[in-house]
Each structure stands twice: as structure tokens, then as C-alpha cells.
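Shared between the two complexes below is chain A, which pairs with chain B and chain C, respectively.
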Partner chain A sequence: MTQPLPTTLQGANLAVSTRALRKRFGTVNALDGLDLQVPTGAVYLLIGPNGAGKSTALRTLLDLVRADAGSASVFDLDTIKDGPRIRANIGYVPERTEWGYPWMRVGQLLLHHSAYFPSWDAAYAARLITLFELQLDRKLGGLSKGQARRVHLVVALAHRPPLLLLDEPIDGLDPIIRDETLSVLAEHFSDTPTTTIISTHHVSEVESMVDCVGAMRAGTLRAQLSLADLRAGLRRYRAEVPDGWAGAPALNGAVLRRAHAPREIQWTAWGPEAEISAHLTQAGAAIRDVAAVSLNDATLALLNPKADQT
Partner chain B sequence: MLFAIDPADVRPIYVQIMDEVRRALVVGTLTADDPLPSVRQLASDLRVNPNTVAQAYRELERDGVVHVKRGQGTFASNLNMNGKQRRTLAREVARRALRDAHRNGVNAEDLIWAIQAAADKSNRQAP
Partner chain C sequence: MTTLALHQPPTYGTVIQQQLRNAAGALRGAAIGLFAAALLFFILLTLLQSSGQLQGPGPSGFNLNSYETIPVWFVALIAAGALWQRDEPTRRGYHLAMPVNAAHHTAMRVGAGWAWLMVWVAVYLVLLCLLGLVLTLIGGGQFTSQMGWWGWLAPFAAATMSYLLASIPFVASEKPLAWIVAVPGGFVALITLPYMFKARALTSVLDSLMAGPFSPQAPFFPMFFRMQSPAVMGPRHPLELDWQTSVTAAVVWTIIGLVGVWLATRHRARGAQ
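And then the complex of A and B:
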């Protein structure tokens, strides 16, 4: 009756795809059958609670983590067999900012990376360094979290790779630099054909940049769809209901988030608006308002552990 | 012209950008043959995906609101602002007001009456 949340992106030309990826750390299933599908050219937002497996998923694509089962490909190359070729085409901002070589200076690190990547754009790197107010003579070990993040961003962007993996790229940045970074990313997407996966908790800040959303929980995708489909299919319904209202059993499975008050409900539900509205009306609710939800509210609904769909 | 968009708005962002261009044309902050910001510039200013800006510009071009000069960019078209665009904008404002009214338990009839009363009052105050 009700429709399940989509977990596959139909008909898209995929830059990244994983099939039934599994990874166990001790007793924890970090990845539990992950089928990631990232269309070429998309800005793909990966959301999920801490420990959902987002960082592990990104690290698997870089072959920094080897899956126990399943497979992953980037630009139709196998992540295990073609690791070096794939990594040469990825810009990566890791979630953790500590360095293995704290004695190295920012300038040395950039020089080192420029030698590795033939497509390194020195003028662009210089512009980013100025924009991010980075000092080349500082030692990596002495950088704050925000400064380290910005160094990682320069390293990831300056060789204009076809794939960007950004793990919490704006976390730890002050509001001004964060805003500047989003502007830099928008420009970067205009200038360079890029597929991007962003994992972040700062959902509302990247909302207007995103094409696709993957909602991860316990190592697997609960939903994977385009932002347009998400906006069209997920709505918040406010309605007046009679005293002692029995609910709308026909909508079991479709309601992802419920708020109740005496004689009033506010439900976030997945499905065609006309259908959901008809069921609510049939059940005796008088709909007052149907609204699109922000990506932040959508995140809360998609990841709600108490949702009907599991 | 300046753009204001709100990601939480019911309208998709590309529609908001289209509405902002129409609004600027109606209020006169954008006039015929004025250049629009480049896709890159506007995407960067609004912190939105460049594809979204490009989509808005494409649809505006299809609607005849803007035109593209090859190699030069996108420009506002010469439109009769007393006509179709103004009505399109008015309909959108009306739809928003109706939604808001319904949310507050006000029906269309009461809303129209209240708008008329408020308009009469402000006309009396501002000659």
C-alpha cells in the first residue's frame, strides 16, 4: 500500500558504485550490505548518525579500508585492483585532521602533492592559500583543526580531480571561512567537471549545493534518491483530528516522523501527496497545511529510529 | 540586482531564482538588456550548485524573460512588465497568501476582504 523509500538511483550514469559492501571491525558491522550509487557529475550528500559507516564507505573507495565482502568501483575501475589509478583521480578531505608528519611545513606538503599530481594547478592553489589565510611556513603539527581542514581542502581541490570525497569538510571551520568554503566549492563545480560525495552533519549549510542524498544507518542505506525526488515525495502534514482519534492505519509504513497534540497532528510522510492526503481525510483528519520539508528536517525523518519503515 | 533565496522554501531553488529575476524586472532593478550575473558568479554568491543556476537561466530563456548572446552571457529581455510577467508574479504571491491563510484557518473570501480593507487603509494613509 505505502511505498518504500527508494534506495536505488534509476537510469543514472554512475561514477561510483558499491555492491553489497560489508566490513566488520571486531564485533561492529561498519558496512552491512552497502549499495552506494553516485551519478557522474552529482553532488551527493551522505548523511547518517555517528558510527553509521559513512567514513568507512569513503575510505573503502580509496582502498584505505578493505571490505570483507562485496565490491566497489570508481569510474568503472575496481577499487582493489586499480587503487593507485583511482587515488590519482580523487581529492580527499579526511574527517580526522592529524598528520603522520607533524614536522613538515604547509609549503613542503603542498610542494610534495604538486609533484604527485600532473594536473596540479599552482595558480589555483596559490589563490586558495590566500583565500583560506594559510601560512606556508607553519608546521602541520601546530595547526588548529580548522587550519588543518583548510590545508586538506587545498590539497584536495588544487589538482582538480574528477572525484571529490569530502568527509566533514566544513566541520571545525569558523562561520566566515565556512561560508567562504561553500562559495569556493560552488565556483569549483562551475570550473571543473566533478563528482562529489560530501559526508557532513551540517546539512542545512550544503542543502542548496546537493543533487542526491544517501541516508545511512548501521552500515546500510535506508534511502538513496535525488534531492528533487526527496522534496517531491516527503511532506509535512498538519491536520486537526477529533478527540480520541484512532490514527490512519492505511498510512502505517509511510509516516517517518510523528508529532501529536490533543486534536492536532504533525506528520512527516513519504509518498504522493494526493494519496497521503486522501488517506488522512478518509481517517477523519482535517488537513490544515502540507509543506515541503527542509533537508535538515528530511534528515531527521529519514534517520528517525522510531519511524515505521525500518 | 540582488537575489535572495531560502532553501527551506516550498519552491525548488531554481524556481526561486526565476522568481527573483521576474521580481527584479517588475520592480525595475533589472531592465531590458541588462546583463545577469554569470552562472559561475551567481552560484558562488548564493552558495548553490551551478547546475541549479543554469537550469533557472534555461527556463527563463524558454519563457522569453532572458536571452543569451553567444560568448557574452545572459541578458534581460524587453518585456511588457504591465502584462504577463506581472500577472505571473501576482498569481504566485496570491498562492502563497492563500496557503498562509488556510494554515491560519482563514478562508479565501475572508482573505480577499481583508486584503481589500488593508489596501483601502494604506491608500488613505499614503496619498
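And then the complex of A and C:
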């Protein structure tokens, strides 16, 4: 590999940072030395396959889960010692939408929630209620997944928290409400100073908002970098190769994903374009084009379990 | 370093107020059901008394005694269950993600449920007194109460200890009902087996234990109403204890319940949201 994938964000003023965070559930390593670095004011996209430890990482920041080892801080406050103060500054949309108050109506929940957050913006909450078409007289126990998600979004956003933790925030929403939600989030980011961590599989839909990306696999970060660096360093190379081509050994480790088409091979590789192109040419491949990759393709490449053997 | 102006968490006064409101909402259904059942019982007994069918130890046919504390036990259990309905530890993410110390927050919720339970017990006592009065008026007896101060407090103490003990599995376990059935069941088996097998050494230990302040039944049998003329009073219940023993037992078991709840609030569910 010409250069390893970066896992630290240099020189950033961090709103969230974790150091060597480890959490084991039975025989499963949910977090395995996680070093998360989220710059203040950034929208940080946390990607990873199911079971990678994304939700556990977010819950650790809320102190809903205690790590076995390592430490985590939010706005320079320790997540264990300063849990209540940190949670007062977090808007959280959990992956699972359960409330524990099945008898409570949506309107009652919003009143209840507003009492816990002195910074609650009632006018903004009213606007979100209208935008998300919430029915205040519905009981929480009877809400569908999409409706519950919208209620969670209102309670997460309406107190204008400095940190938003959004765990699959658009999962279960119909396309119209999903589009509305993304617009609301974009607007929220523009008028409220917020640091955001989004964990979602709908990568292409949040691409326009994202500043940084963290790719998790098996409880650890495989890559952590700004979107600008990702776009600059990750390229898709399309080349024609001779019959019986032996490959380009010099690129071992740099290629994250390989796809075959008739008489050509596509590589998604990390590193300086000139260097990778030179290696391919020396190995006998005729490069036809080099292109930037979309965030969705970058996700597939970064999370490719075969990347290290490609 | 960040220079953000961070938001402050709520005051404990606000949280307690919210938990009292939430507990009222969570317990509302159970309260309505129990009140309706008590009223039905009231009406049924009144009808039986007026038709002369009520069998009892004296001319008034109704004698309020220690057994009236027993329903309090079940009411306390219902209250603990209703408060935590569909909110097992692994589903308690919303509650725990609030800006309050998680253990304190859970303890405040338990406390709010207890406060409403005390209101229930007060209503229950009022209903019992009314029932005694009505039955005495219909039956022609004399309504008198010679109950001491502990007699009036005992139902509250019994409800408190039952509620605290029942709250432990509801706060800490994914399967609270299994614990609620298994622990008393195991206890009964434990105290029955030595008698069945006539293990004298063990039965004498158990006898002294069950008669003393560590007996879990002690707080349930001190309440002794004397609402009728002493002439119609039934015999003293064999399990009835003197009030000092009962008070000690109530204190001991309440402390055990409080310690259990304190430990339960610190329990962290493995897969909590």
C-alpha cells in the first residue's frame, strides 16, 4: 500500500473524542480501541456494516453504555463524570424507537421533554410539529416506526443542542417525509451551531451535508478523514488489461475494491493518483479513465471486507 | 478547547415534578381499575348486609381486622408493575438519555410511584372506614375504633415495603414477573420443607425467625380495627404481633427494600438503548 488510510483528523478543534474505547458484550467486541474524533461544527458521517459498533459508540457518548476500557469526552467533559451535563447538550435520535411511556400522548411527551431541557425553543418545536405532521393526541404506544422517528427528531432538534447524535434518523420514513427531514436537518445545521454525528446506511442522501467520514468495522475505525480528503485521495481507475494479466503487486493494500467488466478492471484505490496510475501502467494495464467516487461508492470501498486481500 | 455556551440540565425540583406527573399517567389505568373493584366490593357487602346474608362473628356481621392489610400488598405490586410497564431495562433508552443522573432519575421515578401509592392506601383506608360505618349503621351495631397510631400507619408501611421489594425486579430485570413469582415461591418452599420433613433444628430456627422482626409477614398483620362493640370482636389472629415487633419488622424490610432499589438503579442493562 502506498499510504495507509488516515484514522486521525489533524489539527481539528474536537467536540467529541474517544480514546482507545473498548466494549465487549459477551464474546462480541462491540468496540475495539475506537478513537473517534469529531471536529466542532462538523457533520460527521459514521458508516459501517450492521454490528460494526456504531450505535454502541453513540450510546457510549450518552453514557447509556459504559466502556470496559478507554475514555470519551464531549465538549471536553468526561462522559461518565459529567453525564447529565453532556446529555443536556445532546439531541439524540436512537436507532430503536421505544419510549417506555406507551400510555403517553405525543403532546404530553413534548411537554415532558421540554421541562427537562431549559433551552427548549417552543416556536421551533411548533414549526417542526407542523413540518413533520405530528398528531399530538396519538399515544406513543400506537405510533408506527416512521411516526416515532419523527417524534424523536422533534425532541432531538427543538432544544437546539450543540451536539446531535442521529442513529439512522431517516430509516423507516417514506420518501416524502425523508426528503422533508433532510431539508429540516440542512436548515438546522445552517441556523444552529451544531456538531452532528449521523450513522446511516442512506449515505448518498446525506452526502451534501457531510464534512467528515468515519468508517467502522468490527468495533474499530478503518478510516477517519474529511470528505475533501476522501474525495482527493480515493479514485476509481478503469483500465484495460492483457489476457492472463498477473496484477500490480506494488498496489497491494491500496486497492480497496475491484470490479470486473469485459476486458477491463475497475479499481477503487487510496493514494496519490499519479503514483497509482504509474504502478498500473508499469504492470501492463492501459488506463482508460480515472474518476472521483461518490460517497456511496467510497463507503462500499472503505467497508469492503476483502479490501486487504485485493 | 471549545468556547461553546453549554446548556444546563434541569433542576431536581423540575424532574421530581415531571416524574410525579408521569407516574400519575402510568398508574391512572390501574388506579381506575382498583377503585372500581373496591367500589364493587363496597356495594356488594352493603347489599349483603342489608339483606341479612352477611355471615360474621357478631350481630353487625363485619369485623375489620388484620386481613385488610393483605390487599395493600397486591396493590403495591400492581403499582410497581404499572409504573414500569413496557419499560424493561433494555428499552429504557429514553428515560436514561435524559439530562439527569441515571440512578437518581430512576430513584425519583420509583419515589413518584410510591407517593401515588400512599394516596391509594389513604383512599383504601377511607373506603374501609366508610364501609365499616355503613355496615355498622345497617347492622345496628356501634361504630368505634380503638386502633392505635401504628394500626393506621401499618397499611402505609406494608405498602411501602411491598412496593420497594416489587420495584427491584421491575427496575433491574427483563423478566420481573418471573422474579416476583420465583422469590416468594422459593421462600415458601424454604420454610415449608423443614416442617414437611420434621427437621426440628431447622423448624425451631424458622419459628423464632417468623415470630420476630425479621419475619417478612410481620408488617402485614398489625392492623386491627375495632369498629364495633368489643363484644363482637373476633379472636386475636394467631399471626398478629405486638406493635413494637411489627414496627421493627416494617423498618427492617423497608431498609432492605431501599437498599435493593438503590442497587437496582445502579444496574446497567447489557443492551440498553
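In the analysis below, the second predicted complex is superposed on the first by the 304 of 310 C-alpha atoms of A that agree within 3 Å, B and C clash if a C-alpha of one lies under 4 Å from a C-alpha of the other, contacts with A are read in each partner's own complex, and residues count from 1 in each chain.
Definition applied: a residue touches a chain if its C-beta (ideal position, glycine included) is under 8 Å from a C-beta of that chain, and two chains touch if they have at least 3 such contacts.
Worth saying up front: this structure is predicted, and the values here are computed from it rather than measured.
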**Prompt:** For the three-chain model obtained by superposing on chain A, do chain B and chain C clash or fit?
**Reply:** fit
**Request:** Look at A:87 in the shared chain and tell me whether it touches chain B only, chain C only, both, or neither; answer first, second, both or neither.
**Result:** second
**Item:** Vertex chain A angle, Cα centres of chain C and chain B, expressed to the nearest 10 degrees
**Value:** 140
**Prompt:** Of the two partner chains, chain B (first) and chain C (second), which one does A:211 touch, if any: first, second, both, or neither?
**Reply:** first
**Request:** Decide which partner touches more residues of chain A, taking chain B and chain C as the two options.
**Result:** C
**Fill in**
Overlay on A puts the nearest Cα atoms of chain B and chain C apart, in Å, by 18
**Asked** Given the complex with chain C, which residues does chain A contribute to the contact?
**Response** 13, 15, 25, 40, 59, 62-66, 75-76, 83-85, 87-90, 92, 94-96, 98-104, 108, 112, 115-119, 141, 159, 161-162, 193
**Request:** Please name which positions on chain A make contact with chain B in the complex.
**Result:** 41, 43, 179, 182-187, 189-191, 204, 207-211, 228, 231, 238, 288-289, 291-292, 294-295
**Fill in**
In their shared complex, chain A is touched by residues of chain C numbered 1-2, 4, 6-10, 14-15, 17-18, 21-22, 25-26, 28-29, 85-87, 91-102, 268, 270-273
**Touching residues on chain B, where the partner in the complex is chain A** = 5, 7-10, 12-13, 39-40, 43-52, 99, 102-103, 105
